[in-house]
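Have a look at this one.
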Amino acid sequence: MVVPLISIILLAPLVAFAIFALSGIAKRTFPRQDLLSTAAMLIALICSFILLRDVVPEPEPLAVDWISIGEITISMGFYLDSVTVIMLIVVTLVSSLVHIFSIGYMHGDPRYPRFFAYLSLFSFSMLFLVVSDNLLGIYIGWELVGLCSYLLIGFWFEKNSAANACKKAFLTTRVGDIGMFIGMMMLFTKFKTFSLFDGAQDGIFTRAAAELATGDIVWLSIAGILIFCGAIGKSAQVPLHTWLPDAMEGPTPVSALIHAATMVAAGVYLTARMFPILTFPSSLVIAYVGGITAIVAATIAIVRFDIKRVLAYSTVSQLGYMMLAIGAGSYVAGLFHLTTHAFFKALLFLGSGSVIHAFHAMHSHSQHTHGHDEAHADDEAHEHDDLSLVHENLVHEHGSEIPPDQDMRNMGGLRQKMPITFITMLIATLSISGVPFIFSGFWSKDKILAGVLGRAMEWNSIHHYILFGLALCAAFITAFYMFRLIFMTFFGEPRNKEMHNMAHESPWVMAAPLIILAVLSFPVVNTIWFNKDYVIPPKQPHLHAPQHASVSPDTKTGDAKFGFSFFGVSEAQAADEVGGKNGEKADAAYYIYKRAHNIAMALSIFVAGLGILLSWLFYHRRRFSAESVATTFRPVYNLFWHKYYFDEFYDGVLVALTVWKSRLFARFDLSVIDGIVNGVGFATRRVFAAIIGYFDRRVVDGIVNRVAEVTWAAGGRIRRIQTGAIQTYLFVVIGGIVLIILIFRAL
Amino acid sequence: MLLSLMIFVPLIGMIVVLLLPRESEEMIKRVALVFTLVPLIIAVYLFIDYDRTIAGKQFRHGPVPWIEAFNIQYFVGIDGLSVTLMLLTALLGPICVLASWRNIDKGIKAYMALFLLLETGMLGFFAALDLFLFFVFFELTLLPMYFLIGVWGGPRREYAAIKFFLYTLFGSVLMLVALIAVYLKSGDPGARTFEIPELIRLASDPGHALADSTFQMWVFIGFFIGFAVKVPIFPFHTWLPDAHVEAPTAISVILAGVLLKMGTYGLVRINMDMFPEGMAVFANGDGIVGNSLAILGFVNIVYGSFCALAQTDFKKLVAYSSIGHMGFVILGLAAGNELGITGAILQMFNHGVISAMLFLLVGVLYDRAHHREINGFGGLGSRMPVYTGITTLAFMASLGLPGLSGFIGEAFSLIGAFESFPMLTILSTIGIVVGAAYFLWTLQRVFLGTLNPKYEELPEINGREILTLVPLGILVIVLGIWPHFAIEMFSESVVNLTTKMSGILQAGL
Amino acid sequence: MTLQHYLVISAILFSLGIFAVLTRKNAISILMGIELILNSCNLNFVAFSRFVSIPDNPNNIDGQIIAIFGIVLAAAEAAVFLAIILAIYREFGSIRPDEVDTLKG
Amino acid sequence: MEELSLKTFVFYGFALITIASAFAVVSVRNIVHAAFALMVTLFGVAGLYVFLQADFLAATQVIVYVGGILVLILFGVMMTSGRLEMRIHIQRGQLLLGGGISLALLMLLLTVIANTPKWENLTDDGTQLQPTTERIGKLILDGKFLLPFEVASVLLLVALIGAALISRKEIRD
């Protein structure tokens, strides 16, 4: 049953795309591409749910030989463990909902069918990536989703900003992919296979465990970090995160599907897949990159006004969270957060899409043009906006690129106008902010914090304490900026009356996916992650704790200090971290994690509350002025506003350097290499002549010229013999014969 | 016999074309099309009928004595590598005839006749089993190419054609010297031979004069420079951009698709197979000399890519990208292991297909807009969606997107090379990023953004042009998904080569 | 009458023919000179045929037959020559060979 | 020295006529006279053929040369000059040069004839040959000269057509 199901899941969207491509070649667009693609996705969704039944935690890969040359055999195949199936469901579910949402959102676009075809292609690629059992397969899916991302970001390619953004996205991720490719080359050279899992032959994990049992982990660490480079690019981690906010130039459903829920999470998925070969150094690098990303992106998000950019930076930040979890060894926590985040972030994006759509409708009425691509700043709209005053000079630099229908300074008070959007987005915001117990985000985030703190306490590692601090900070900032978004958009007085009046609730095709996703933002999927029979974190044979790490015996009684445990959850989670079953309290680590969990939960609830409170004070009650804070901490504010100057650095240094280098090479090619070639002729004629010019002219040229002159003169004379009179010729002929005979007789 | 028939059918076609009156242009084109389709059919048959399980030459014809005084024979036969490249040649034949259907405005008769002669030269080159015959076919391609560029080319056609001619001739002379040296060393007077399989056997026979490693090194250099000009390998590459820019579309396609492969094919067939000892000197990974082949590959990749990034002429960009892509072939060959050589050969074939597509696409645009300045376009994506789609496919294949054929060759070459030359390979990956950069940048400047008002009425790609592109597009996709159907053709030959190479390298250590 | 008699006659005829060909300023006179040359050749053939006996075939007359062919040749040559002269005369208005020098270098 | 028989006398007479008339051919200034002198030469040669026992050839010589070619020449004279007394111009220098070369050639030939031992003392034994006509006919039509004969006939045909084509008046469009 597994193979046919997986084939259907993969083929359905591929066929939908193929129909579009073939009809395009034939120059006849298939009429109902939207329904075709959506249906394909729904079929895949249903099949994914059926697959849930057949799955075991550690299956055999289903592989076929792809290439064999001599002794090298490269196989391609599927590996379907529980994590894969959960990913399949997440992808197909979000994708289906986005398809449905797009039917409403993209309605009337001139390239409406193409949009759905691209979505289908993306879904196929993403699913292929998820189910692949080997690095090469993952890489193929990896690049294909990159292509789809490119195509979809540049969907409205008439906008120069979109054209730039899609190129930037592709190239930035490519830089990371090269790292991943080098890592793959290292692994392949060592292990002669791309397969991760044991099938017909041993996979990388087994071989790595066998060959590196002696403890040479430096090499493996480098390979691990290189592979993680791919994830840095794709999941928009620092320093390659700059493409993701720009990617918001794409249509909003794309942002929801690709740049929030699925593709960017592929990096996390990849890192999780590589979990068994992560060593302590590579884990630490991953954790630090994740932690720094979480805090950097969150701080940038505070000062954005474009609703989509806020969400984009939020995504980057949350992805950092997941990376942090995996780097800290919390496999389940990272993937758990991936799934919960996929739902509530997709919801947030679709909600923002709903808002933009409402404004967009107004634009298309009032300006009769394609509404999404108004690049010019609507200055009048900003005039009465007190929040914008302080940024006025800055707005000209960066804010001016915000389309007015995405600018939060044009919004406000939308909660009566768009109740469904408001409520669903509020649920998602509560979830992402980590409001306790009834929202899924709380549980996953809590699990990450607990995992990091637990690792810190278990190993007594200063690194992990720092990481925990970063994560906690990020949690606080997240709660703050997310509620800032909600308050600015849905509460208060409408700041732009005209736009406000035109706003309306979205049609049901758009509202329904919002509602479904809102339901999924409650902890309905959590149970699967808590089922120890279902999700088994892989072992990390190469992860050796640092020397000083030890479990001190006195921590056994740790949980007495924080004597609360919510619904017994902390016990379950602690057991989860040490790999035991519910209720087993076998070793010291269990107590450490239990204690860590309690601390983490308390702290996370505290920071979330603090963040929301501050946000409320700043943006709803106006007790404090954001502007004055910004003015007071001007340098810090500037740093955030300019996104830590990453873009400036890349554009000003790296891109410029590359272009300069290419010009240099091209000029080198034209002037030097070609110059040498042309110069060979030139040299013999001129340069050589300058050196031995005299000789050349007098002797060589002289001989040549003399010969030519003699020939010329001789020709001039000899031609007179050619009188044209045949008798002359006869004279010569007969005289010649006589002469010759005479000569021969004389001899 | 079938093989000989395939080689000489275009020649018969040339004679038929020459017998037709100059005025009946449609007839000439149809005849040329038919006579290029016949080799294609035979090539497909050979491809299917080829026995993939053995490495030796198949479908032999000959040896038939030709010039008996020097023991020169007519002897043809193919292995998996040849048949793959012959299929490529035979496929590009009719495509190029179709691509020349409308845009050759003068002397169509001479053009088609020369083109058919060229095809015979190319097919014969890939099949020749006699070293002299091999050389004759190699040179046979030169003359038609010279005229095709020099007569039907762009404004600076004479310069380009002469440059191409002289460059190649320069390489040929060295090759000829090496060829004669090999002949003279092959045995006592009277027992000398030009037969390639026999020479390969002698060269690997320890104690034979041909197996001497110093001799092999010098002969290797001679042949290498001859082929390097064709490939082209830095610094012998500057004829390529000029020739491409000036040549008519179909000739660019042949030039990039097949002629460059003649260089790399020669490297595999002669330099690697016949002179493994010489090869080992330059690819044993020991010092500058031992790394020189890989360094050349690396320089080609990075240099070609960066040069391409700076171009504003569409065709020149594609030409420089060819230089970059051929670098992967050199790198893969230098690696000398299964994956490297397989990758190199795949890259040869794939580059033939992809660059052919790219040049055809440039030609389509040039026929409409009459210029190739990348910055002079803009926003064509909304005006010509199908054309944009196909171009995107070709670009993506060329920049090595997995799932399309370009990736496999590139990836395998790199992976193979990584084993032998890790640092150089890592540096070479810069080429991949830059490759993506110039293609995407071009895509943006030509197709994205707002539509240039000059081109609001630009007609969409027509059926004939699509017909030329579709077979190549299918190959790109099929080879990307299931490369094994090409790999299995030559995997046995590759294993042979690698066994030989690794034996020598081990002995050297 | 020895062979040498005939050969001397033939040689004289030949020289006279050559003289005519070289010196005459009229194409028809040249033609006559050529006829003289041809006759001298024919005479030679016949004379050799008569005097130089072939051992196993004393009655060999091959030389005569060659002479007949020579006459045939002469007839053909005369016809074509005159035709050419006529054509030249129409074109140049003269049959003086030194006036017909279009091929002058 | 041989005896001066009638036969010898007649032979020398023919030889003298032939040479003298040939000399006239190249020396007289009136072209029509030259033509007539040529006729005498041709008759003389025919007579020499008779001495060489070539009866058929002698007859052919008279019929073809005198009856055909000579008439053709006279036609040529008529058609090119329009009158029969066409003067022959001779330049002095050319005459001397041509005479010199011819004389040298003659001397050369005579030396060759005199100095070739093989040709010495081959006398006419006076044997009577059978009439040659039948043998010639057989050799030409049924012997080894069949192919040359056919080729010669084709040559004549070609010459005929060629002459007709060249000499006809060009039709200008």
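In this document, chain identifiers A, B, C and D correspond to the written order of the chains, with residue numbering beginning at 1 in each.
By definition in this document, a contact is a pair of C-beta atoms (placed from the backbone, for glycine too) under 8 Å apart; a residue touches a chain by one contact, two chains touch by 3 or more.
Note that the coordinates shown come from a computational prediction; the quantities given were computed from them, not determined experimentally.
With steps allowed only between chains in touch, the distance from chain A over to chain D comes to 1. Just to note, of A-B and A-C, the chains joined by more C-beta pairs in contact are A-B.
Of all the chains shown, the one with its CA centroid nearest the global CA centroid is B. Annotation: 36 Å between the Cα-based centres of chain A and chain B.
Mean C-alpha position of chain A lies 102 Å from that of chain C.
For this pair, chain B with chain C, the centres built from the Cα atoms lie 68 Å apart. Chain C and chain D have CA centres that are 6 Å apart.
Annotation for chain B: no residues touch two or more other chains.
Each of the following residues of chain A touches two or more other chains: 727, 731, 734.
Looking at chain C, residues 18, 22-23 sit in touch with two or more other chains. Of all possible chain pairs, the ones that touch are A-B, A-C, A-D, C-D. Note for the complex: chain D touches chain C at residues 7-8, 11, 15, 18-19, 22-23, 25-26, 31, 34-35, 38, 41-42, 45, 48-49, 51-54, 56-57, 60-61, 64-65, 68-69, 72-73, 75-77, 79-80, 86, 88-91, 94-95, 97-99, 101-103, 105-106, 109-110, 113-114, 119-124, 129-130, 132, 135-136, 139-140, 145, 148, 152, 155-156, 158-160, 162-167, 169-170. Residues 94, 97-98, 101, 104-105, 108, 111 of chain D are the ones that touch chain A when the two sit in their complex.
The part of chain A that touches chain C in the complex is made up of residues 719-727, 730-731, 734. The touching residues of chain C, when paired with chain D in their complex, are 1-9, 11-20, 22-29, 31-33, 35-36, 39, 42-43, 46-47, 49-52, 59, 61-62, 64-65, 67-69, 71-80, 82-87, 89-90, 95-96. Only residues 18, 21-23, 97-98, 100-105 of chain C touch chain A when the two sit together in their complex.
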